[in-house]
Structure formats: structure tokens, C-alpha cells
Amino acid sequence: MAAAAADRRRAVLLILPAALLLVVFLAVPYLNILAISFRNPGQGTPYAPGWTLANYGRFLTSDLYQGQMLNTLWIGLVTTFATLVIGLPVAFQLARADLRLRGLCYGIVLSPLLVGIVIRSYGWTILLGNNGVINRGLIGAGLIERPLPLMYNSLGIIIALTHVFLPFMILPIMSAVQSIDPALSAAARSLGAGRVTVIRRVLLPLAMPGIQAGCILVFVLSLSSYVTPALIGGLRVKTMAVTVVDALLDTFQWPLGAALALILSAVGALIVVIFARLTRLKWKG
Amino acid sequence: MTRVTLTRLTKSYGPAIAPAVDAISLDIPSGEFVSLLGPSGCGKTTTLKMLAGFEDLTSGTIAFDGQDVGHVPAEKRDIGMVFQNYALFPHMTVRGNLAFGLEMRKVPKAEMARRIDATLDLVQLTALADRYPRQLSGGQQQRVAIGRALVIEPRILLLDEPLANLDAKLREEMRVFIRDLQRRVGITTIYVTHDQAEAMTMSDRVVVMFRGHIAQAGPPAEIYQRPASRSVAGFVGQVNLVEGRVAAPGTLAESRFGTTALAAPRAPGAPVTLALRPEAIDLLPADAAQGLPARVIAGFDSGAIVDYRLAFDDGSEIEVKAINRGLHVPGTALRLAVDPARLWPLEED
Amino acid sequence: MARQVLNLYSLVIYAFLMAPIVVVIGASLNAGAFLTFPPQGLSLRWYAAFLHNEVFLRAIGTSLWIAAVATLVAGTIGTMAAVYYVQFAGRRKEQLRVALLSPLLLPEVLTAISLLFFVYAVGIGTTTMFGLLVGHVLICLPFVFMNVTSSLEGYDPDWTMAARSLGAGRWTRFRRVMLPLIKPGVFSGCLFAFVISFDVFTISFMLKSIGSSTLPIQLFDYLKSNYTPEAAAVASCSIFVTVAVVVVSEKVLGLRIHRF
């Protein structure tokens, strides 16, 4: 009867498809994977009846898995830090570039996103390999005699991941910086603040939401990335995500794979929460 | 044309909070220009939204020509609405904006063109018909908004603070324009504003609202000269509140400025507050034969008019608005004379 | 001075960002049989090889088809969700936002595995492309939602009110007023969705059915055992396809949406 109230009820139809999608194909599968991680391993079937904690136990007793976990976290943290250090000045440059230039720079920052992660990782194998562009360049210049070990180790993975995820650090910081009124730095200067003080006391605190968003995004993406570590790390360095996917696709150990994936995600989430607490992040857009 | 009748119209957002609009009743004859005037949060905009159909009413009725429309959806109610920020469709030209409502009504092409042209002429925008809203000035956008509302020949016209975003000079021009247009079209018009000068100059009738209630409804002059309460007197223009007392036999109020008649008898000896407008006081030289002696404290010169603040010997102060015929400096002794008929005894509220 | 240092530094980083792309395209023009950069002589022979390679062509077709379907579905329900979020979500707004962005916030590898287990649990498995499509829609949804939401921030609800007062019903209001005005957001959201879907790896990797390898998967499989410039040619083609989609849609649709 009441027109506006009926409108509001009808409006629920707008959110219904998205809600169904997220519940049926995201929330339910996540509960399902949680259940599977407590299943007995199966013979010929993905899992056997009955419940067990053994899958988590295997992680706790395996030096191999724990080592991979630590290495994965290490790679994630270093990548996050590297993208932050490298990306922060670029984000400021981009946010304050004049309009015509900004379009071009913005395109360049976005371009890796348009190109695909396999191709970018592949590009890095061409650059980093023993016979790659970098090593041959350095040998040709007489700087080194033997090729530097840039591939099949954590360093190579970190270099490639830093490149792959750099846009995800730059873009949030840039949009935060863009929303800062340029008059604020002028105001701070007029009050006697030097250039460094303006950056430290005015710009960085105001850009903080973007920095936080960028750090969380890059960290989460690094932990769960598969292609780059798989291509650059090869068989020698395995990150947790690679181990998990192999456990599932190659050896069909579903309960173990589920447990390892959940442990990785839980540890990642814990670090994100600690980071958020430390930087007092509010869950706002 | 349409007569609008509101009967005990109420909007409540929950039992815990006071109703936004509390059982207001109002009868607007066909062709009348009525302003709903009040401070923000008084319920005037909520009333307008209920009239337009954008808000559900909690109880009461809205009738157009005696026919209950309170639950007719906005798109079927046949009203013309002008929004505060105009709400012109930015992706359509002026002509496109005007055509929109006619297309909804499936008006035939030829008639549509004729009506749009006539309306463009009415709002003086014929030359700008193919411009987009962003290419127009504020005043031009305003006229498009009015044209868009009128071209559909609605039963009533609703305007929600339409002049709030214009600069002062343009606002005065638009007042005249809208009033003139409304007279020519003859459409029943309800105009929401918090600007008392706007309400006074444009309306046939002003409805002053406070806290969801109608405080007073009447022609502008009546609202101004004979405000029903202190709040109305204070909201509509500046006012001096003069303390007085009911004189025997209870039909007169006496004060230092003289004696005036009460509308209804009150208990003799009871205190009474009299409204006295600052421009109703004449300033006389100190040696004049009549008037009350007072001394200038301050004068605020705004060109044609000076706003004085004066003090009596007992320390009480009064404001006077005078035509600027030579400024009186602070400290000047003067006499104040008042026609007792300009004293208006207020109801206690 | 400081400004110039910053610009110079940024220039170096932009070069760093572009480097692998330049290298891939350069390597694809190799005349020799081995993957080297700079190329040993220029030739298009590896493009010719790729164009005769059924497997890669089919993978490109699959990728385009999945990206198109995922974009259409995610574009529709993401736009609807954004409209609800901006105009109707009351007290639960923040939770709703986090929920709609969750496919982006959750680790893709975990989402992929969950979905894989789920399609098996309900008996669909990976015999059809259903699971793969659902995964792509999930990943694309946040991008549509974010873009449409941000364009709706600039949408004045009074426009809808005005259309109502002029007699427009619900569907007409959406089609004639809201959609044209939020088109830039819907458009860029769909563009993002398409590009993301074209590029998504882990989900496709876990959920692919027999014969439904997308281009990134096919490329990845190829790269595990081969090291010829043909992979670079394929990769370059993929770059060209993406850039073409972006540029063409900007030119064809972009001009019209930026008119007002």
C-alpha cells in the first residue's frame, strides 16, 4: 500500500542476485573447505569418511611445510615493503602531475594490469634467466663473469612480484593523495614547516588510508599468487600456494591441501589484522 | 485547476521521536500561491514530499479537488515539481528535458512540439533550446526546471527552495518572474522556503510552520502585522517585544508606548507582550514635544536604511529601523514616537 | 628541483613497469629459434606459427567467450548491487560493501580451491564450464561494483525524483535517466571485468574442464616445457587483444559517454 515502503521492499530484488552468488558460491564453499580440512585422506577418492585433526598435525610436524610457510610470508612481507618504498614517490608524482601527463602516466601504471600475470611473469623469466637480458648485459659490460642467480630463488620471485603488484600499491595511494587539498601543504608551509616536515606531518598521515589499503592488497595478493612463484621459482623454491595447488591437482590430497590453504590464509589474515591494529585502520572505503 | 486539501496530515518516523509533521490541516483554493515558511526541520519539506508522493504519509489525507490522492504513487499524481538544485537531466538538452514528461504521457509528436515551444516562450528560453544544462547559467537552469514542471500541465506546482542556490540579485528577479508566471498560468502553487522575504513578496498566503505544526496561516501582511505568537513575530522580520499589562476592564493593553485594543478580553492586571516592528517607531529630536526620551547606542548604516539600537533611561533597549536622513552618532539623545495602533498584543506561546 | 628528482625517479619506475612487456613483444619478433632479447634478426615467423597452432587459437576463443559471459553476468548483477548499495542500503552499508568486495579481499587461491571442492560436492564437477564461469563472475563482481558505485556517488537522487514527478515508471527511470548517467561507471566496470577475466589464472587453473583451457593456462602449460619465441608471439597477441578491447571500446563507446 505505502508506495515508498513497497519500493524499498522491491529494491531487495536488486541485491538478491549478488547476494545469492556470494552466499552459494563463496560462503558455502568456504564452509565446505573448512569441513574437508578435517576429513580423513582418501584412497582413490578425494577424501574418506570420518573426521581427523591429522591434516593440521602434518603441518605442525613437517619442517618442509613450516619452512615453506615462513619463506612465503617472508616473500610477502619483502614484496609489500618493496612495492611501498618504490611506489610511494610515484603515487605522489602521479597524483600531482599536470592533467595531460597524468593520463599517460596513469596508463603506464595500469598497463601491467592489462597485460596479464602469466605474460608479465614470463617477461621476467626472459629478463632474469642465466641467459637472460640482465645477466648477459652485466657479463657483456664486464661487471661479472658468471651469471648471477636471479631465477629459481626467492630473490627472483620477490623482484617479479614487486613488479607484478606495484600498480596495486600505487593506485590506492594515488587516489588518497589526490583527495588531499593542495592548499594544505601551502598552509603548512605558510606556518613555517619545511618540505620534509610537510611530507611527514601533513601528506603522509593523510595518505595513510591509501598506504594501508595498498599494503594489505599487495600482501594478500603475494601470499596467494601462484603463477609468478611457479614460473620463476620453478621446482627449487616453492611457496605455500604452489605446494597447495600441487597437493590438490597432482596428488589429489584434498584434506591436506585444504588444511594448508586455510593455515596460509589464517596466518595471512592474522598479519593483516595486526598490521591494521598497529596502524589503527578503520574499515572505511 | 485544483483545490488542495490536507486533513490532519501526519508523518511520523517512529514512536520514539516527535512526528516530523503533526496533524496539519490546510485548504488551498484553486490557483492560490501558498508558501510553507519555517526554519529547517519544521516539517515544510516533509509536507511537500508527501504532497508530491515521495514520502508515504503516516495518517491523514491529501485531496486534490476532493479526491483522495494520498496513496497515489508520485509518477501518477500529476504534479509539477521544481527541485532546490533543479535536478535537470544533464544528458538531455533543454528541449529534451521538457519533452521527457510529455513522452511519459505519450503526447503525439506534433502537439509535443507545440507545447514545448509554447513553454520555452513562457520561460524565455527559446534561443537556448538545444543547449545542455551545464551550458546554462543558474537562472537559466532555474527557468528550465520551471518549464519542465509546467509543460506537462500538472494539477499543482510544487517548488522546494528553488531560489536558494542563486545570488542575491538574481534571486529577486526570479521572485518576480515566478510570481508573474504563476499568475498567468493560474496554477495552484505550493512553495517551500525558509526565507521570509521570499514568502512575503510572492505568496497569496503564508503558512508558518514550527516543529511539525502550523503556527499561523494568512496573507503576508497579516502574518507580519498581526503575528499570532512570539515565535512567528520573531521568525518573520525583526521585532521589539514590549512588556505591557492588561488594563481594566480587560479589553485594553497598556505599555510605555501607549494603549491598544486586545483581540479578546483577558484578566485585568495580567502581563502581556506587545510586538512592535522597528520601522513603526519614529525618531524625533530630543526637544520634540512628544515621545519617549532615549539615547543612541549604535547605528548600523546599510545605505538607505539605518538600524539603530537605543537605550531608555532604565537601561532597557529597543531597535529602530529608520530611513537614512543623516546618521545619529552614538550618544545622541532622541525621542521615540509610536502610533499605538502599531502595537500588537501577542498570544502567549 | 625536488620536483625534477621526483619526476626522474618516476620515469625510472615507469620504465621498470613497462620492461617485461617491451621484452615480450621484442622477443616475439625473433628470427632465431631461441628466445632471446634483444631479438636476433626481425621476423614474424613465430606469429605465423602461432596462427597455425590450433591449441592456442582455441584457447584465445575460450578466453574471449568466458570473458564476455562473465562480463555480462557480473556487469548486470554488479550494477544492480551497486544501485542497491548506494540508494537503499541503510545501516548495513559497510558490511554490504565488504561482502561485495570479498572476492577481491580473500586469497584467490583459497577461493579457487573452495569452488573446486564445491562443484565436486554438488556433483557438477569440472565436466562443464559452469564452475569456471562462476569463478570468473565472482572475481569480476567487485570491479563492476566499485566502478558503478563510484559513478553513482555523483548521481543526484533528485534526478530520479524529477523523473518520477514527470510520470516515469521504475523501468523508464532506470533506462532513460539513471543508466545513461552512470554509463561511464558501468562501462569502465565492465571493461575491468573483461580484462580481469581474460587474465585470471588461479581460478581458471583449478576449475578448467577438459578442453576449456583459457589462454593464460595454455600459455603457462606451454612455458613449462617449451622455450621458443612462439610463446612470446602468443603473449604479444594477448597484449594486442587486451589493448585493442580497451582502445576500441574507449573510442567507440567512450566518445559517446563523455558527451555531456
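For reference, chains read A, B and C in written order, and residue numbers begin at 1 within each chain.
Rule of thumb we're sticking to: a residue touches a chain if its C-beta (ideal position, glycine included) is under 8 Å from a C-beta of that chain, and two chains touch if they have at least 3 such contacts.
As the structure is a computational prediction, the values presented were derived from the model and not from experiment.
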Centroid check, CA-based, most central chain -> C
Larger contact count among A-C and B-C belongs to A-C
Dist(centroid_CA(chain A), centroid_CA(chain B)) in Å evaluates to 59
Averaging C-alpha coordinates per chain, one finds the centres of chain A and chain C separated by a number of Å equal to 17
Taking each chain's mean CA coordinate, chain B and chain C are separated, in whole Å, by 55
Touching two or more other chains in chain A are residues none
Where chain C touches two or more other chains at once, the residues are none
For chain B, residue numbers touching 2 or more other chains are 53-54, 73-74
Given the complex, residues on chain B that touch chain C span 52-54, 73-81, 83-85, 87-91, 100-101, 104-105, 132, 134, 148-149, 152, 158
Within their complex, chain A touches chain C through residues 8, 10-12, 14-15, 17-19, 21-22, 25-26, 28-30, 32-33, 36, 46, 86-87, 89-90, 92-94, 105, 108-109, 111-120, 122-127, 131-133, 163, 166-167, 195, 220-221, 223-227, 230-231, 241, 244-245, 248-249, 254, 257-258, 261-262, 264-265, 268, 283-285
Residue positions on chain C within touch of chain A in the complex are 2, 6-7, 9-10, 13-14, 16-21, 23-24, 27, 35-37, 76-78, 80-81, 83-85, 87-89, 94, 96-100, 102-103, 105-111, 113-118, 120-121, 134, 137-138, 141, 145, 170, 195, 198-199, 201-202, 205-206, 216, 219-220, 223, 231-232, 235, 238-239, 242-243, 246
Chain B partner, complex, touching residues on chain C are 156, 158-159, 161-169, 172, 176-177, 180-181, 259-260
